[in-house]
């Protein structure tokens, strides 16, 4: 039975609660708080992607586009029209949901690499639109002067405040995803991943589930995009390019495909590796990162979350 | 369990230990450059130049007896990374001021951080938006400066040259990166002032293999001149394609990004007769002896070639200017951010690589269009254009 | 604008499109060879092209090897790197799925690209054109002699591969693997050897693409990704695994880009090609020349 | 027709003039038969007789070239698999298609899928009615596991079961969909004698619950033991139909099974 234990979730929440306090205490770790803000934003995307790819078995190389849609809806509506950021966030999620439903319906007739290419092409096209429609988006130089977030007088203007905002949302999304997986909907998802043939005989509407989960993951990505825009207070198209979509795949694979925990662990790890720890290697960074990735694929076929099982298995032998 | 815990602790300590920087009484300066990634042509010479200057100053005894500690981070041309590193420089490394980033978009991306933390930033990127707050009547942001000439100055230099030669109908083209977009914006914005009409505006990707289609379209529209705004291999390919199409009779202008002799070499003859606006540091030997910049540019070219065994690029000059302006400010102000800011703003008559800087509360770039000279490729070398 | 110049323009767009398309087609063929035997999409294919160009530049421009000698040496070196990649990045993967294999090839491409940056730096390099740079004028269109080399090599590669897969024993064995690896194993074909061979072949073809395109477009360490995407697009558009499909797909992508840049807004030229790809996939989920029945038997 | 159905026992499934051909090759040729409510109805025949094809047509996995299938008097040809399932026809697979990464209990619980509410939002928010529904489902699924004798393995992963138990579990899962007709594709294939006995027991118990069973099977002994009525297919054609006793006496059937089966086709 797929059941998530409550203890690690409580431990995670506790860790997240004290993390910034520890980091402010140790000056060499101060930068880790802002790193964790980005890691949290990325976690929102990978939680959705993990459901889509790990459980529903559908590949997407285009999720940077939904991330971007959220960011640009927020950015454009606040900067050009002065709309309240929270409304923009909701608006972005709505737009992303509609786009996902529109693109999802024909895409999921495709299989394997064809689906990968279709989502990749979609992501590239959206990115070209961000770049070219400069009257709205600011073009390749980006859109600046995006306002920060405030909640009835409380400004999320420091890194720590934003940190808590982001991670509360991430935890909510995480719990939501866990609930889904432990529910009839999650059972249906896992079923169609294992055997579409059998799932059909159970009366499961496969197309509907695939699109539903695609829409859900797009909505989460869009929410992440809005948060990103209001934290950075600046966005530019290259943030939402193919490279980012690939980075999301790497996060999920490194963490462990069929595990929501894997999404969180992988995302935080890859964020720290690529944004901080590997900086040390300078021009060797790309080689080192590629090497780590390969080693992980070879020695951790189930990702980091598979590690305890693997060790336990070896111990028994 | 306790064994695991202690192992984990040890690992954590190892990671953090490498990060802790030694605490010495020095002036800490931060630098953010796109050393690798798509904008390495900017960030690489900028980083090398900044490091060279720090070495020179420290060898000469530092500033007011204090050594400079330069912390250089590579943003890889990525806005998120740039944002993170800027926060790290301010919050963790506690630097007095930062120079960079290399790219306009990234400079715009981190303005809020520097404004909020009240830390001076001297950008090495071109866009006028970096020093013009459009929500505040175009006034500069108090804490943000830049040393690169605005693209508008390069465009004005080109248009002035066109006006002199009676050119009124032009085609523009450029790559789809931020560099190309910024040039395109300025070219379009300033054209009416010079009575110039733009008949075509073509784009290509920075990684494209061939621009024949764009040029063919332009050829059909018979412009009197073509302006191309790009960097990297495409600015060379575009000249070759133009020659193949028999368009070498149409005057061809490149942006100041063309200012590297390697490009002339790579064009394999196709660059002959091409115009471009260049700053003094690209052409020290062409400057008359009376030119105020002759001495500093010649010295910089010599030092750079001696240290790095490669020809200098004009972009390194922006970092040279930023570093020296900051060092001068440190000399007068000492380790106090607000005083440093004021000292930079009061910099007058500073002779740099890219012009003579006169900052003021309403001008945080401090250059005029004289910062650029029109240069023509002649016999595989630069020559002043008539 | 008169009709004659319009016709000349059209011809120019077509010539340019066919040349760019031929490069894409070569990359797509490289994808297909590996895909057919292993069902892997090798996203490092673009890096082979980049390496082909840069190794050739070093051999010819730096070490002064004549073109005719540098060409085969380059192909051999890049082929060696292809084999190495198979040994280091593909074979050790114990639980291959679409995603892990895609990521493995991405990891390989990061390593290759990073190494190329260390060796050649970030500058672009030029290569002497094979038969000069004086353009040939045909009906108002200017054609670089190098264009003919690119198109010519595509033809040679296609002819060579057709012969190889139809007439030689090894080629037939490879075809057998691509149809049914398990059955091929049963009749005594060493599938691992075939996989190795497929990497060698596609690295060689990538190298040829890189060598022939460098005199037109210069080459730098960072070119691989763009070429891989375009080539992948061409392969999928034509139908994965189909060699005629790769050519049709490549040429279509090249022509749409060139005509799109010429007649429509050039900023969106890549988007036109990608939109065409999406439309084709939505109508024919297996690409233009792809076989629907074959897809059903493929795992990925 | 309506008149007939009121007098005669109710025909839950009617197969009319079914033709399926792949390319030029006919897999089924004009097959006709009725399945009576509440009976065990077997379809037998040598390999390649078209039994699985017939199953695939009935359950919507394959569209026939010609002919119609009626379920409770409504034509169901052309419907999608899940629509057929929603009408109350459930099936198992010759190759055993369990959800291997789930527990035995979950495999059965999923059978209720089309009877329960499963909106993503309600599930994600963990609304109380979803929780109540889950508890109820577990109870019902345990009943079924009791019925098929797998209650002790409820929390084991499905792929850890031996083949016999897997086939039984698949039947249990099919029952969980609350079908009026279950189609079992070779439920005894690969089972030993005891396991076959259990399966046969189970199939009878299913019929005794009032669910009609349509069955494809190789094991003639089992078929003869449990079937109420048998249809015999050979090379896509129905060659006989009747009670087990009638079929056992049928010369055409004996010839099909014992005779030189290849001779007729390619001649």
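Just so it is clear, A, B, C and D label the chains in written order, and each chain counts residues from 1 on its own.
The definition used in the following text is that a residue touches a chain if its C-beta (ideal position, glycine included) is under 8 Å from a C-beta of that chain, and two chains touch if they have at least 3 such contacts.
Treat the numbers as computed from the prediction; the structure is a model and nothing was measured.
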Rounded Å distance, chain A centre to chain D centre (Cα mean): 43
Gap in Å, rounded to a whole number, between the CA centres of chain D and chain C: 50
Separation of chain B from chain D, taking each centre as the mean of its C-alpha atoms, in whole Å: 74
Chain centre separation in whole Å, for chain B relative to chain A (CA means): 34
Touching two or more other chains - residue numbers and ranges from chain A: 131-132, 283, 285
Sites on chain B at which at least two other chains make contact: 36, 176
Chain contact graph, described as a line, ring, star, complete graph or other shape: other
Contacting chain pairs - touch in the sense defined above: A-B, A-C, A-D, B-C
Chain B residues within the chain C interface of the complex: 36, 38, 40-41, 44, 176, 202-205, 207-210, 212-214, 216-217, 219-220, 232-233, 236-237, 240, 244-246, 262, 266, 268
Touching residues (chain side chain A, partner chain C) in the complex: 53, 59, 106-107, 109-114, 116-118, 120-122, 124-125, 128-129, 131-132, 242, 246, 249-250, 253, 257, 283-287, 289-291, 293-294, 297-298, 301-302
Residue ranges of chain A in contact with chain B within the complex: 26-31, 34-35, 38, 131-132, 134, 139-142, 144-145, 157, 159, 228, 232-236, 238-239, 275-277, 279-280, 282-283, 285
Interfacial residue positions of chain D with respect to chain A in the complex: 59, 61, 80-82, 85-86, 90-91, 93, 97-103, 105-106, 109-114, 116-120, 123-126, 130, 133-134, 137, 155, 173-174, 177
Parts of chain A lying in touch with chain D, wherever the complex brings them together: 1-2, 175-177, 179-180, 183-188, 190-191, 193-195, 197-206, 212-213, 216, 258
